[in-house]
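Below: a set of structures, written as structure tokens.
The following pair of complexes shares a single chain, subunit A, combined with subunit B in the former and subunit C in the latter.
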Partner chain A sequence: MTVAEQRLEQTLPPVRRQAVDWLPYVLLLPTVVFLAVFFVYPMLQAFVLSFRSPEGAITLRYFQAMLKDTYFAGALRNSFLLTAIIIPLQVVLALVIALLINTRFQGHPWFLFICAIPLGISDLGAGLIWSSFFTERGYLNLILQNLGLINEPITFLSFERPAWLYGAIVATEVWRATAIVMVILVAGLQLIPKDYFETADVFGASSWRKLRYVTLPLLRPALQTALIIRTILAFQLFATVIVMAGRIVPVLAGEAYFQYGLLRNVNIASAYAVLIMTLSMTITIFYLWLLRTKEEELGRG
Partner chain B sequence: MKLWRIATLLAVTILAASAPLGSAPAVEITWSSTQLNPVNEQEWARNTMLRPFEEESGMRVRFVSDLAGPFIDRLVAEARAGRGSVDIIGTLHGDYPLLVAEGAVQDVAAILRQLDGRPDRTFVPDLVRAGQIGGIQSFVPWMQATYLIAAHKQAMRYFPAGRDPMRMTYDDLLQWGENIRSATGQRRIGFPASPTGLYGRFLHGYAYPSFTGSQVKKFKSPEAVSMWRYLRRLWGVSHPSSFTYGFMNEPLLRGEVWVAWDHVARLLPAFRERPDDFVALPSPAGPRGRSFLSVIVGLGIPKNSPNPEAAARLIEYLTRPRTQVLTLQGVGFFPVVREAAGVVPTGGLKVMAEGVTAQATATDARTALLPIGLGARTGEFVPLYLETFTLIAIQGRNIEQVLNDQARKLEEMYRTTNAPCPPPDSAERPCRPD
Partner chain C sequence: MADIQLERVRKMFGKVLAVADVSLHIKEGEFMVLLGPSGCGKTTLLRCLAGLERVDGGQVIIGGDDVTDHPPGKRGIGMVFQSYAVFPHMTVFDNIAFGLQMQRVSSAEIQRRVGEGAELLQIQQLLARYPAQLSGGQRQRVAVARAIVMRPRVLLMDEPLSNLDALLRLQMRGELKRLHHEVRSTTVYVTHDQVEALSLGDRIAVMKDGTIVQLDIPDRVYDLPATRFVGSFIGSPPMNFLEGTIRSSNGARALETAGVRLEFHGVPARGRDAVLIGIRPEHIAVERVAVAGGIPAGAIPAAVVVVEPIGPQKLLTVQVGPSTLKVTTPVDFAVDQGQRVWLRFDPSRIRLMDPQTGDAIAS
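Then we have the complex of A and B:
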């Protein structure tokens, strides 16, 4: 084998260094092609479908139909509300876990590994796991009954208790998607040079001050990435909600799915998709502005 | 060197001997179906139902299960493109009018005639008639199904005293739920009201015709108003997690629900797992009779099927009495050829078959069919009834007002598509809610 490999290498011409180094572009090409075919093209098509009438004219009728839809107002409210509850919880929790891992305590690789397990589980899978936890004959009731805290099982997933439904969705999402934020933050923490902390130690900074004035500012790019990814994904939230709450808690991505899969209204489904995209982009731009590294901060000694 | 030569010779000989086996062009056909969609049913279709056919014919069948939306889109797109990749389809009879209108399926009258001529095959005439759409025979009947009530035996003692469960009325069902609630403090009637459930069928095919004698025409009639009042009360004694139920066998087996209404195929796993625990009861009767939906699934051949002869062979296999009985045992869909009816099922299937017979042969039985002729807007029909339910029973809005608003949408849908009223209404077109 090794002989063959050597021969192969000999037959290949040595990589010549040209004026333009094409290698990065070549390496990027598959990703670009993939994104163009599976993201950009469908995105443009969704735009066309949501604005073009069967006669070919530009129309707002699909957006009007979307606004008039029985589930629209609830879906918009729920999508915003769930995002607003879930994301701060996830960021705080992920930050705590990431800082804990960064202390490199005994056995921290195992801790990291266990915390990252939900990354490998699909949203639908997570929804099913947690719904079997919350049903009337689920694990939660079993635990509570065995502890003697309740006599009769409690119906957690009830249309009469929307707050509990929200709670179940939030618990599932926090469990499922905190890991991605955590992984990004751990990577961000490891990029912070040790020198800063050593300098802070020399000046006798407390742990809290080091966190507040060294770690968090330098973690800003990682936080930005994590927030953008999580917010975009939160607006796509759908499978867990369907499993836990059916259409009692409508969400935007779910309505897009029902408009296509159930009602077969491709155009209204596209209108929902365009709305989700616009919201995600607006919030992304807001994050970029909010968490930008200010000029004066760069110069501050 | 000599050893090397012998080895090469041996290798070449083995290759040459096995070549016809390996390189024979095995015929592969693609079967796209909206039925047998749950993963375990797909597994069953591939490994149990299709295996004998593949062995006897030497063909390979690629069974592709799809949701109705993408399924129809694909067939229509392939018909328009003039080039197809699907050889045979299996779907609900309600999907065929659109496929016929789009010119996406072939006339299968010749295949049906040939099959019907065989001594072992007599198709149920009503099912054959349902396939005659737009001047062609659009499908060969494949399977049929209906919806029933499954009840845990421990619930039977709460059934209203002096009443016959096999002749249950809607009032009995409500009283039953109230009895269970007052005795146990729990709501144990369940409906598949999640987005993956079939509760919409209960509304338009069972409740509406049983209370008003109509699915569409009497949508906002005084009878409909009293029906919605009743449904509100029934929802009040139904399990508050009903909106999360897709397949009722699950809450039945968990013991969360004691009395459940659902599609036979979705109740069957409960009967199969614990045949001694459950009974199958006919759907209830209302003031206008005991309405039930007859679900017909048909096999069709797409217009641009690459291999219609192979598709015809598969149709022949699937409608054989033995395959039909296998299908009943496997997934709970009932046979469409009379010759298969002689086989007496056992265990949970027997309990269920009794329920089906009790429902179909009741003196007050009335058959409702799925709506046809709505074309591209077929998908909006059931959600409209579900939405009406959400507004009235869950959000508690004014019944008359909701019915007026929803009837306008229904009327617009029928006016635009010029579709006929589904039975039991007379087939006038366009159908109009009075």
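Then we have the complex of A and C:
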């Protein structure tokens, strides 16, 4: 070692290893463990079950069996159709309620509270409440009879009246799950600084144009979240349907349940589960793309 | 362009009177500044004028039209908000065009006017950008351009410079002044910054507790404050106040403070004997007495408490009896803390106030 090198060695401070701050990781741990045990592991298991033959080879036979199943086509159609009807209804209704609440009218906290009540009711409970409304001795028949519109009670929820079955399911779901969309949108609206709305007022925007050009674009992140959550949950729609219509209106999640619980076809049930997951993911990605914020808007372009 | 007539405008928030029956006439093409500390009601008054607040009493008349019950969009106003409120999801072009689009102006006309507005604010090269890609100063320009392209009868600005850093604020202040000279629209400008008010306003309305305490041109607001409050709010450092007495001797009345008779000719012929003497720091001459000099006649003895060099001047804090005063001296004035100095008030600049009410006494 030359003198110069020695001197260099002395002048340089010793390399210290940066101390790692473990706290964030420790705090994350419970969530990670929870997700791993209850979500990631079952998901992987579903994949394995749906693709692996008893001999251990990769196979598509369970998916083929699922496709050939009598209920499959109907379940796929119903799941899509119900989602396509329910989600727009919920978003529009939730948006109207959220905008109404955001006007801060007298008593709006109570209105918000009442609208949010269904959040606390399980899908099964909601299904029971609404099916009691539609049964032969339910409120609907009672009301119609008292009004003298009908003489005999009508069996609304039967395979002879698919439109009524559909309508009842849609009504129940809209009643039950609009609240979650509404809560997300109310939170989103409250994040928008009021100066934007006042600017629109000052420059003479009509209510409709204010909604179209100011509120909705600024509400985009909240709308995106609400749509993703609701769509994923809509594909898992199951308990309400079972209560109202049994298997007359088959849905994908219901078929996974019947295959698993009733028919003991664990592999086909898993195939259904994988299909639901794939559909949910695809639609989520579609929403993310549709409602994306341009890079330039974020100041990175 | 239009004049504005506010007639006994009143605004309550619950039981709090935010604007207390304010009447104010703003001339066509005038640049009116509403100045006051936070909570004085200046922003509320502006918002009543804009229609963003519903008045609880009085009238708002713009260009002869009673617009008291009109919504903001029907008053012919343009407004610049403190936060700029430039829409993050629109390009600069769309932001500037926003008002025109809402009024369904033809797209050729929009193109032309946005171009004009952008040129006026020197942001032509930014039209395709989004607000997140702009600096604070540029966003500010977009907000001003958006208001100006509307060719509003009245331009309202709510503390438009307070979110900018000091240097940019100085620059934009000059820009706004230039812009006003070019556009000449009737402007109402709210600020708590007295320098902004003095530099921009054709007239200043100084507000306190929901009322206008003084309405005048900047020079007179500065030199002849109507109340102790105005004197102490405007100017940096603000006006000094110290107790004075009016004594009669030989039939003549003279002003005294700290036992010294002041050379002052504006003593009121009658009235109370105890007064408050208001004098601005730059109107007090500071002298050091020569070693053998004795006491200079008519000068007030003071002790130097603090010496602060502030660039072009030295700022001294001095003690005169029970009062603390701020005075300025040239930078080369050699003085130390604890030293005794002599103060000489410019007699033409002394403003007497009533010690009880704080109102100026006419001289």
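One rule holds for everything that comes next: the second predicted complex is superposed on the first by the 266 of 301 C-alpha atoms of A that agree within 3 Å, B and C clash if a C-alpha of one lies under 4 Å from a C-alpha of the other, contacts with A are read in each partner's own complex, and residues count from 1 in each chain.
To be clear about the criterion, a contact is a pair of C-beta atoms (placed from the backbone, for glycine too) under 8 Å apart; a residue touches a chain by one contact, two chains touch by 3 or more.
No experiment lies behind these values; they were computed from the predicted model shown.
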Handout entry: Clash-or-fit label for the pair subunit B, subunit C on subunit A
Key = fit
Problem - Touching partner for A:P217 - first (subunit B), second (subunit C), both, neither - result: second
Practice task
Scan A:A200 for contacts with subunit B and subunit C and give back first, second, both or neither.
Solution key: second
Practice task
Would you check which partner chain A:R247 touches, where first means subunit B only, second means subunit C only, and both and neither mean what they say?
Solution key: first
Exercise for the section: Pick one for A:R209: touches subunit B only (first), subunit C only (second), both, or neither. Expected result: second
Handout entry: Least Cα gap, in Å, left between subunit B and subunit C after the two complexes are fitted on chain A
Key = 51
Handout entry: Shared contact residues on subunit A - subunit B and subunit C
Key = none
Completion exercise
The subunit B residues in contact with subunit A across the complex are 67-69, 72, 185-186, 193-196, 239-241, 243-244, 254-256, 376-380, 382-383, 387, 390-391, 394
Exercise for the section: Write out the stretch or stretches of subunit C touching subunit A in their complex. Expected result: 50-52, 71-74, 77-79, 81-83, 85, 87-89, 98-99, 101-103, 129-130, 132-133, 146, 150
Exercise for the section: Could you please specify the touching residues of subunit A with respect to subunit C in the complex? Expected result: 193, 195-196, 198-206, 209, 213-214, 217-218, 220, 293-294, 296-299, 301
Problem - subunit A residues touching subunit B - in the complex, by the definition given at the top - result: 70, 131, 135-137, 152, 155, 157-160, 242-248, 258, 260-265
